[in-house]
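Some structures to go through are shown next.
The two complexes that follow have chain A in common; it is paired with chain B in the first and with chain C in the second.
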Partner chain A sequence: MAKKNARDSRIWLSIQKEKKEKRKYVLISCASLLTFLLIWELCTDILKLAPSYAMPSPLKVFRSFVAKLYQTAPDGSTLPVHIGVSVYTALLGFLMGAVIGSPLGILMAWFKTLDRIVKPVFDVLRPIPPIAWIPIMLVVLGIGTASKVAVIFMASFVPCVINAYSGIKQTNEVHIWVGKTFGASRSQLLFRVAIPTAMPMIFTGIKVSLGASWMALVAAELLASSSGLGYMIQIARSVGRADIIIVGMLMIGVISMLFSAALEYLERRFVKGVK
Partner chain B sequence: MAGPEEVFALICKYFIEPVGRTTLFGHIGASLGRVLIGYSIASLAGVTLGLAMGYSKTVRAIAAPLFNIVRPIPAVAWIPMTILWLGIGEAAKIFIIFIGGFANTVINSMSGVRTVDPVLIGAAQLLGASKWQTFRRVILPSSFPYVFAGLQISLSGSWMSVLAAEMVSSHEGVGWLIITGMNNANTAQIMAGMIPIGVVGFILVSLMRWIEKKLCAWNDRSR
Partner chain C sequence: MENRIVVKCKNVGKTFIQGKEENEVLKGVNLAIKEEEFVVLFGLAETGKTTLLNLIAGLEPVTEGTIEVNDEIVDGPKPNRGMVYQTTSLFPWLTVLGNVEFGPAVQGIKKTERRKKAQYYIDLVGLSGFEKTYPIKLSGGMKQRVGIARAYCNEPKVILMDEPFGHLDAQTRYLMEEEIERICAKEKRTVIFVTNNIEEAVYLADRILVLSDKPSHIVKEYQIDLPRPRNITAKEFLRLRKEITDFVERSAGEVDG
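Let's turn to the complex of A and B:
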């Protein structure tokens, strides 16, 4: 009994120690962030090292953020409207890319004939960065939603195809042999063996392509647009409102973080073998 | 929409005759030069910070919150601020390229260090290796494939952002070629810029793969 108690208390102590250590690092993180904000504030508002049009103070950025939630100046829409437009366009293009890209990748890996037909075209298109598609889509489709969705489609399509393709190709041959030995049909082999094996890779492709979509959207909105976060930044630059530019950048970052968090949640729910 | 033979003819013409300031070779060279400078700085800084963040918990605790806020902001979104800070010259473009390559290098280097087998580190320490020796002889070699994967991803990231940087303001470079094509609604010229970008991107990636095969032959990912 005494022995057991001693062991328990030792475990308890080590857990306490771990907790203490964790708390220490969280504290360091908070201190680092606070120091950064303080230095930023010191350089801008207090010492005025940088002119305020080039580097607004953190307080000003925060005030602009709150004001932008309901004010339409200087670009004609409030922040929530811009966010709504951007997220809607990005998701539309991304969904099209993922819904067409992942199955195409699977089919390309499964059917040799299709692979031979599609692969050469795909290999030519693949290395062209999504940003390079923007000008041609703008000339062909105009500056509306259609051109942006087309650019985002190109951005999300490519990683989905590549990852689904290599995921299926990675299927262990032994598993296929076992399936065949037990009399599985070809479609059963695909749906019961190959696709479950490829699921983590397919999901990686989807994650990569969501990131790429968001980046392509921002680029498209910066170049030519009439609404959205990129447009807001562009207008803020042309009227010299650096505070709104920073608000826009942070929003872009936060939304991209939310996107990847949502996908990670879905991955944990639906893909087997992911912790 | 321009037909393929028109685009091909235009590319051949651009190789010989100058368009804007130089020929197509000149434009590709200008873009590549920028990428090389920005990418080298990003690699050096990124690998150093990533390894430090992976090895030391304190460094990670200090740098992680800031890094995690800045990381998801794509390089293109930095362009307006960069113009305010650095103007529209060469420095601004190099900064954009730096941003385009930095985050991936850091993340991969960091996860490379963190996935080193703790048994190896334990064994080295048991045999009396100092902290520096453990780092130099155990952690560095075994995280090398990850570091290299990061360098590979960030090279394409940098190449992509040079385009974004040149689209905003430049006098030469492949991005300039595309953007002047857009402003004149000249689809043939846009495509004559897109195709070299794709080809150069492909060559850069193949080059990195080849180097990786030579340098870390024990870790063949190209299966």
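Let's turn to the complex of A and C:
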């Protein structure tokens, strides 16, 4: 029993240490954000390196942010509406890409025939940058939500396929043997051995996809749109409102940060035994 | 029942073909292993002992002869032969419990029943309290304990162990040999144990089969009748150890000369 208690106390100590590390990390993060804001403030309000209409101060951006929460000028919608449109479009395209892409990658890696059929087409489409899909999607689907969802789908689909594919290919031969000696059927080998092996890679694919989706979305909105954060930025540029451009940029950064955090949470829940 | 033959190899040969090169690893292997017998396959490095074990497991097809397990010709892996591998073969995404109950789970045994079984074997190998731990947090010796529990939990007819302690440090290795001795005393099974360590062989075996150089076949057989658990410094133990060492060195010398 004594041995067990010693182990428990060791685990307790390591948890305490982890907590302390975390607090330190939060503190440093806050400090670096504050420093960034200070330097920004210094360059604008205090040193006036650029005229305030071109390079607004953080305080001005914050005021514009608050105002934009309920004002529709100059682009016809409030900030929450733009965010809603962008997030909706991005998530729709991203989910379609991930839900179709990951399983396709898994199946391609598992069934050789499917691999041979799909791979040539996939290899041709894969190197096309997502942004290059925008013109054709606009011509085919118009400037509504459909064309953007289609572009985002292409952006998220490709990394999901590639990562799921190589994840399955990484399956350890010994693990397959273990499964076989325990009498696992081929589908059991896939679901109980190969897919769990690939899980970390599948998640990597999904994370890369999410980043790519968001980038493709903003690009699509900048080029052709009637709402969304990219559209808001584009209009703000044409009327010379740098403060709103920056509000838009910061929103893009914050939202994609939140997305990544959510995915990392899911990853910790579903990928076990790695760390 | 005592003397029933469980594993039988008749004139077994295995040749690997890589491109244009043929590599004959086994030739004319004949052996018969009785129920509840602990047999050690002994051979120096590169003597095809792992290959023979893989053939018995059904992971590779034979190129010559036949292997029978439980009066059935081997033509693929089957749950009646459990395997403990050289390096870590645990599933990193499953806990200790998840790994140990993998076999019964694959066979669709109910959760409560397989939990009970898994717990019994986890306790048997001395890992109580680690059920929810992931393999990455375990030491090498503990991982091999899980591997052994996993093989036992599926209740195979024959357990094949492929140098399970080859990658452990000397101290842990001694400890694990004692553990195997204890486990086998408690849960009698037919075991085929591959090693290149003579002391380990004499300590564990009811019978030692010595494999020759490639193409390997069985050149010598030692029946070890020392009382268990064995004392590795006892006179009779050391004599046997020396006898086998001398034989192995002599036959290796013949090839060199």
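The definition used in the following text is that the second predicted complex is superposed on the first by the 229 of 275 C-alpha atoms of A that agree within 3 Å, B and C clash if a C-alpha of one lies under 4 Å from a C-alpha of the other, contacts with A are read in each partner's own complex, and residues count from 1 in each chain.
Definition applied: a contact is a pair of C-beta atoms (placed from the backbone, for glycine too) under 8 Å apart; a residue touches a chain by one contact, two chains touch by 3 or more.
Values in this document were obtained by computation on a predicted structure and should not be read as measured data.
Student: Using the superposition on chain A described above, determine whether A:A219 touches chain B (first), chain C (second), both, or neither.
Tutor: first
Student: In the overlay, answer first, second, both or neither for which of chain B and chain C A:K20 touches.
Tutor: Neither partner.
Student: Which of the two partners, first being chain B and second being chain C, lies in contact with A:G253: first, second, both, or neither?
Tutor: A:G253: touches chain B, not chain C.
Student: Which of the two, chain B or chain C, is in touch with more residues of chain A?
Tutor: B
Student: For A:F36, decide between first (touching chain B), second (touching chain C), both and neither.
Tutor: Touch partner of A:F36: chain B, not chain C.
Student: Per the contact definition in the header, classify A:K112: touching chain B only (first), chain C only (second), both, or neither.
Tutor: A:K112 sits against neither chain B nor chain C.
Student: A:R269 in the overlay: touching chain B, chain C, both, or neither? Say first, second, both or neither.
Tutor: The answer is neither, since A:R269 touches no partner chain.
Student: If you look only at chain A, which of its residues touch chain B in the complex?
Tutor: 25-26, 28-30, 32-33, 36, 53-55, 124-136, 138-140, 214-215, 218-219, 222-223, 230, 233-234, 236-237, 242, 245-246, 248-250, 252-254, 256-257, 260
Student: For the complex, which residues does chain A have touching chain C?
Tutor: Listed in rising order, the residues of chain A that touch chain C are 4, 7, 172, 174-175, 177-184, 188, 192-193, 196-197, 199, 271-275.
Student: Please name which positions on chain B make contact with chain A in the complex.
Tutor: Touch residues, chain B against chain A: 1, 57-58, 60-66, 68-81, 83-85, 156, 159-160, 163-164, 167, 178-179, 181-182, 185, 187, 190-191, 193-195, 197-199, 201-202, 205.
Student: Considering the complex alone, what residue numbers of chain C touch chain A?
Tutor: Contact set of chain C toward chain A: 57-59, 76-79, 81-83, 85, 87, 89, 91-95, 102-103, 105-107, 129, 134-136, 150, 154.
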